[in-house]
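Each structure below appears as structure tokens.
Look for subunit A in each of the two complexes below; its partner is subunit B in the first and subunit C in the second.
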Partner chain A sequence: MDAFLTSRPIGDLLSGIVGGTVIGLVALSLVLIWRATHILNFAQGAMAMFATYIGMTRLQHRLTVNVIGIHFTVHFNYWWCVAISILAGLAIGGITERVLVRPLYGKPEINPIVVMVGYLALLEALAGAIWGTIPITIQTPFSFIDWQLGGKTVLLSPNDVYRVVATLVVAIVIALLFRFTNLGLQLRASAVAPEVSRLLGVRVGRMLTIGWILASGVGAVAAVILTSSSFQQPLQPPVMEAPFAIAFIAAAIGGLESPTGALVAGIAFGVMEQFVTDYLNSNYVLLIALGALILVLMIRPQGLFSKRVVRRV
Partner chain B sequence: MIRIAGLSVSYGAVQALRDVTFDAPSGTVTAVIGANGAGKTTLLRSISGTVRPVAGEIDLDGTRLIGKRPENIARLGVGHVPEGRGVIEEFTVEENLRLGALHGKQKLQAGLDDQFDLFPVLGERRRQAAGTLSGGERQMLAMARALIAKPSVLLLDEPSLGLAPIVTADLMRTIKELCEDRKLTVILVEQDAMSALRVSERAVVLHVGRVAADDRSEVVAADENLKHYYLGMTQ
Partner chain C sequence: MSTFFFAVSDLRRAHPVLTRATLTVLFTSIALVITYFLDSVTNFNLATGAAYAVVILGLSFLTGASGQVSLGNGAFMGIGAYAVAIWSVHHATTPIVATLALATAVGAGVGLLIGLPATRLRGPYLAGMTIAFALAFEPLVSVFGTWTNGDAPIQTPLLSPPGWLASLVGQPTSSLTTTNMWLADISIVVTGIAFFFMANLFRSRTGRAMRLVRENEVAAELAGVSLPRARVVAFMVSAAYAGLGGGLFTLVQGSAQSSTFNLALSITLLSLLVIGGIGTLSGALIGGLVIAYSQNWINWLEAQTGVSSTSGLGGNLKGIIFGLALILVMLLAPLGIAGTIRFVILQQFKKHPISRPSQTADPQ
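Right after this comes the complex of A and B.
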């Protein structure tokens, strides 16, 4: 058993799953917005990066509050900062939808693309202006030293387990919300049948805002767990560019209408990346990913997990 | 009661409704009939707020509906079953009904029980995707989804479209019973004028966006000129 767990393929598989979780979460956030508003949010990664800066730069800070003469001191540890990042992500999603996106509904499809690309550049420039461009290393909440079994290394650390568990928790919470709550029912209805939903009393505009808020929160979790990896991925303005590009490919392969597809494709991409890097060469990773994308778009344009959309003409 | 006064609607240069005025009394079925393009669907969409009129008033028991959003009009008790039924095909029968009940006036379980009593086939298919239902079952689901919110007004747009005559007859009987039992105000838009006239107390005949007749249904049904010139029915 020890030999199995410490073998090279299992090590690649474990590392791939850990690496794929962030891609899967970013892809999930893209899909949530696409399903709600049919907008490809090119600023998704930048929004997540900005939210992470807001929270994680509080690390080690102290805040003293005076309440009726009694001083309370809050010491911002890692978990406080995670909470602030996620709250910032939720707020950024809501503000973005209300201020930038809402005026674009019903406009030509190119308009939101241009605005979102501009917004991406704006957020990265703003982050650089506020927090600087020097990479910030964030402490890992758990040890990043891989476990040992029988004197051999398993390519898995407590911090890796944290990343996978955090991803699963987010995915399960989102799935439960959409499947079993009245809010989820209204979010799904607003996405697939906005006019009918309005006739049933659903406030569709509010649901679209909530969709953006949720997606942006998921993106913030992705950015937090990506940058909570010690020196591997320090926080800097362009930190989410590469994961976003890969997540975009994963979302298209999994199917832009399918949250499950996005998550599975993201994790599969992480595993593929690990095996290709280990057995071939990391230069082939993007080549294989783009090849897979072209193949899927040719054979099954709606993606592997989305149902075929039939439009009446 | 729904009171419509001087209602005009335009789609760009095309005027779909011109100075339409009539009342739909509480607890009655008011049929709106007319040829294709007469403005029947536009009239219902104006009442439910999905179309913005350029002039006129629509009052529901003294509450002005013009300028209100569709979701707010629905919450005031106006149920609209649109043309083509509008069931959400990806949702199960029960999810469609849950959505209808969210902003209604009764508890979900009581509402579901009511609707499954009224349309037993929906109870049998509650876990089935709405996209797999037959045309008649979809129409029942669309009506049940509107009724589960306990509306005071029900707008029905071409409920018999694509249904077999025997299913249409059942449906018309159900509409009549609902109106009598629940004191619903029903505005029924129908291509099948004779079915609509049989089930309704009052009838409004629309012709190219104008009211050509507004009278008791039996009077309209007996007027051969009206039937010939406006409804395309031969003697």
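Right after this comes the complex of A and C.
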């Protein structure tokens, strides 16, 4: 058993799943926005990166608050910064939808693409202008040292477990929200049939904003757990570019309509990335992902997990 | 002036191709003469801008005619650039025309390869796939490291301007003034030819079919246009133009490096297209001029505001400006510069219909 757990393929599988959580979460956030507004958010990764900067640059800062003459000093530890990042992510999602996306509904397909790409460039440049382009390493409360079994290393550390657990928590919260709450029902209804929902008293415009807020929050969690990996992925403006590209491919292969499909495909791509990096060369990761996308779309243009929508004359 | 305008418009109706050819030769010649009076740095910027303009022309066709968006044209540009760089290192004596034709052909070939699955994709899917392609370009160059020198740049042999140009300028052949003027002249001629072909393509049967695809897919299919074919042809043409522009870019810069052709370049190309005006050919030229002078403007802005170019803000000023421009133009003036000018002129015509010279004589 020990020999099995410390073997090379199992090690790759474990680190692949850990790495795939980020891709899965970004893919999930893309699907949430796509289902709600039929816009592919190219700035998803950049928005998450920006939110993470807002929170994580507070790390080790102190804030002294004066309440009726008594000074309270807050030391920003890791969890405070995570909370701020997620709140920032939620806020960025809401503001983006209200200011940038709202004028785009009903416009030609190309307009939202162009605007979101511009937003991506703007956010990355702004982050560089505000916080500089030097990568920032983030320390988490968990150990990065891999566990040992019988003198050999299992490619899994407490920090890796934290990343997987955080992903699962987010995925379960989103699933419960959509399935079992009144809000979730309204969100699903306004995505499927906006006109009917409006007639039944659902405030569709508000639901679209909430959809963006949720997706942006999920994205922020993804960026936080990606950069909470010590030296592997320090925080820097383009940090989310490659995860976004692979997450898009994963979401498209899983079918942009299916949250489960996106999450599963994302984690599968993480595993693929790890195996390719270990046995081949990290240069091949995006090329293989691109090849997979091309192959799947040739065979099943609607993705693996989506129902077929016929677009014919 | 208006007499000249009507003469041209009559001629245009009678002999469209001939008129376009004449106008292209006329404007290209004027531009060539202008390069004689420009200083060396401006000529170099002009040459770079012309290379960009060729790429944007292709993008303009893809987006304006068939309604697709590509964020991979920076990578196609890189493929043309590497084709020229690798070829000219081994065969330095090949004429420029042949080298650029090679870049165009390689661009078209790779465009076909990527474009075939793209026929299955629509709007955002296609844009997403091309983003992945743009990000995959640098790894791709590394994978073919034995040819491409990996991440390191490939230096191309210097172009030597002909003797007659040197004697015209009154400087030695190897001088910077002569070389940069020669580069600007080559780029202008190539841009002129590219523009001429694109103008004809836009108004040809293929171009009309593609605009119909953009406006209404159902109507296009009913009219007998094959959607997959129209899409793949548009994608291939834009990739071919990107390859040509990339090849020209390498000749001008004297080197090719994979990090130049990143996602940011593709985004810059898209913003230049949008700023110039989607679906207009003059917009592509405006976009080329904007990029040619953007570094000057940014330097000026930095000098005015006292922002150091090495600071965080200074280093990211270009990204901020282009990102902001992309958003603002799309939200406020989606027609772009050329499209807005055309729109305003059309409105003027509607308000005050200018009658024909023969009719103005008619007393009311």
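Points worth noting:
Note that the second predicted complex is superposed on the first by the 309 of 313 C-alpha atoms of A that agree within 3 Å, B and C clash if a C-alpha of one lies under 4 Å from a C-alpha of the other, contacts with A are read in each partner's own complex, and residues count from 1 in each chain.
Heads up, the rule we're going with is that a contact is a pair of C-beta atoms (placed from the backbone, for glycine too) under 8 Å apart; a residue touches a chain by one contact, two chains touch by 3 or more.
Quantities reported herein were computed from a predicted structural model and do not represent experimental measurements.
Using the contact criterion defined above for the overlaid structures, shared-chain residue A:Met298 touches subunit C, although it does not reach subunit B. By the document's definition of touching, neither partner reaches A:Leu5: not subunit B, not subunit C.
When the shared chain is aligned, subunit B comes close enough to touch A:Leu185, but subunit C does not.
Of the two partner chains, subunit B is the only one touched by A:Leu199; subunit C is not. By the touch criterion stated above, A:Glu124 is placed in contact with subunit C alone, subunit B being left untouched. Between subunit B and subunit C, it is C that contacts the larger number of residues in subunit A. After overlaying the two complexes on the shared chain, residue contacts for A:Ile136 are found with neither subunit B nor subunit C.
No residue of subunit A lies in contact with both subunit B in one complex and subunit C in the other. Contact residues of subunit C toward subunit A in the complex are 63, 67, 69, 71, 117, 120-125, 127-129, 131-133, 135-136, 139-140, 142-143, 218, 221-222, 263-264, 267, 270-271, 274, 278, 312-313, 315-320, 322-327, 330-331, 334. Against subunit B, in their complex, subunit A makes its touches with residues 182, 185-186, 188-189, 192-193, 195-204.
Put simply, subunit B touches subunit A in their complex at residues 48-50, 69-71, 74-75, 79-80, 82, 86, 88, 90-91, 95, 98-100, 102-104, 145, 149.
Residues 39-40, 42, 100, 103-104, 107-115, 117-126, 128-133, 241-242, 244-246, 248-249, 252, 256, 281-287, 289-290, 293-294, 297-298, 301, 313 of subunit A are the ones touching subunit C in the complex.
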